[in-house]
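Lettered A, B, C and D in written order, each chain numbered from 1.
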């Protein structure tokens, strides 16, 4: 199933996809657009992706986690423009026991951030925007910041 | 808000209770009734509690986690008779970042299991039943097993 | 030996799950010689029918808080004898 | 020097996010002398207008798989130059 979606994520639907009578624990994570980052007021985020590679990488991560923890994994990542409070990522991991469910869920979240070609542009409350670079020094305002005319 | 409930748990409602614009991550856990335990086929589980102490202990655990991780926590534990696949416990933990959300969620699940006076009786597919003792040797059939006439 | 009444404490005992089954009750009243501790409550319960099935040192709570066996008990206290917890 | 055509490789380059902005394109075709590696593709891009803003060793993928700079490229390959990933 495709991991990237242009429409809002439904975490309950992801959880339902991985539940099974043999699985006693479902750990899940939802990453939401926050109203602040590095001291700046964030109005919204725009996510973009290298779609074909992102889908392939997400499928590889899910397969690795399912095998390593004998788990059922569901993963969705939103692309497009997101408002504060909307879900950007959701991972649900179901396994026989909670240790495996938590470990598999955390692994998928971490690997998506590390390996999947997705980028985000923060639009600030003052109208400026910047591409987010997680490898940049924490707390520094992104170097790529620039004024931008909002379309529509 | 009361943690014990006699009606089905709605994980989405718990998650909604802890979301806030300043919180970028919500980690959650749902513990479901499994169809097997210690090699036996489980038909259903009956949870009972020392209600007043269970509520007090749940409130203490939630307060500890909220303070330690600057998190918002929602916790529900079902009591009564549960079928396979039903949710027995749900914890949702929201925090600014995913490390805190995962850690707070895991802490609450572990402490509920360790500290909250709740008990469960497993009813097996063959009609027998037993009180579950997590301190007993893993894999041993519970000592308290006995035949029991199902009411109603 | 005189007939002067010795001081006593009267407590409410709560039993749960397997312990309620083996004792045949989920609540009962106990009167013990003062001063008394949680360990005295447990010993009194173990002397009753079915009580041999209780551990010598079960988990106990006084007024909703878990306490060690040497914790004192006072008249009116609610003493709960708790089987191993199995929530989640 | 003769006018015999030297062998070349023709690749499709994909640019994303900030890199697409500084290069003014999200896709372009490149022809390079054979044999060529990912590092040659990056060097050719850095020689174009705006290309100085690219790192000397950016993350790169060939046909949807991340590869190191010395990875060879062949005609028809899709070479993606990837800014630091920021999903989640």
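In the analysis below, a residue touches a chain if its C-beta (ideal position, glycine included) is under 8 Å from a C-beta of that chain, and two chains touch if they have at least 3 such contacts.
Predicted model only: the values in this text are computed from it and were never measured.
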Pieces of the assembly after leaving out subunit A, positions unchanged: B, C | D
item	value
Smallest number of contact steps required from subunit A to reach subunit C	2
Farthest-lying chain, centroid of Cα atoms versus that of subunit A	C
Distance between chain centroids, defined by C-alpha means - subunit A, subunit B (Å)	27
Inter-chain centre distance, subunit B versus subunit D - centres from mean C-alpha coordinates, in Å	53
Separation of subunit C from subunit D, taking each centre as the mean of its C-alpha atoms, in whole Å	77
Touching two or more other chains - residues of subunit B	31, 98, 109
Residues within subunit D bordering two or more other chains	88
Chains touching one another, given as label pairs in label order	A-B, A-D, B-C
Subunit A residues touching subunit B - in the complex, by the definition given at the top	11-12, 15, 19, 21-36, 84-85, 96, 98, 101-102, 105-106, 109
Interface residues, subunit D side, partner subunit A - complex	14, 16-18, 61, 64-66, 80, 82-88
Contacting residues of subunit A [partner subunit D, same complex]	31, 47-50, 52-54, 56-57, 77, 88-89, 109, 112-121, 131-136, 144
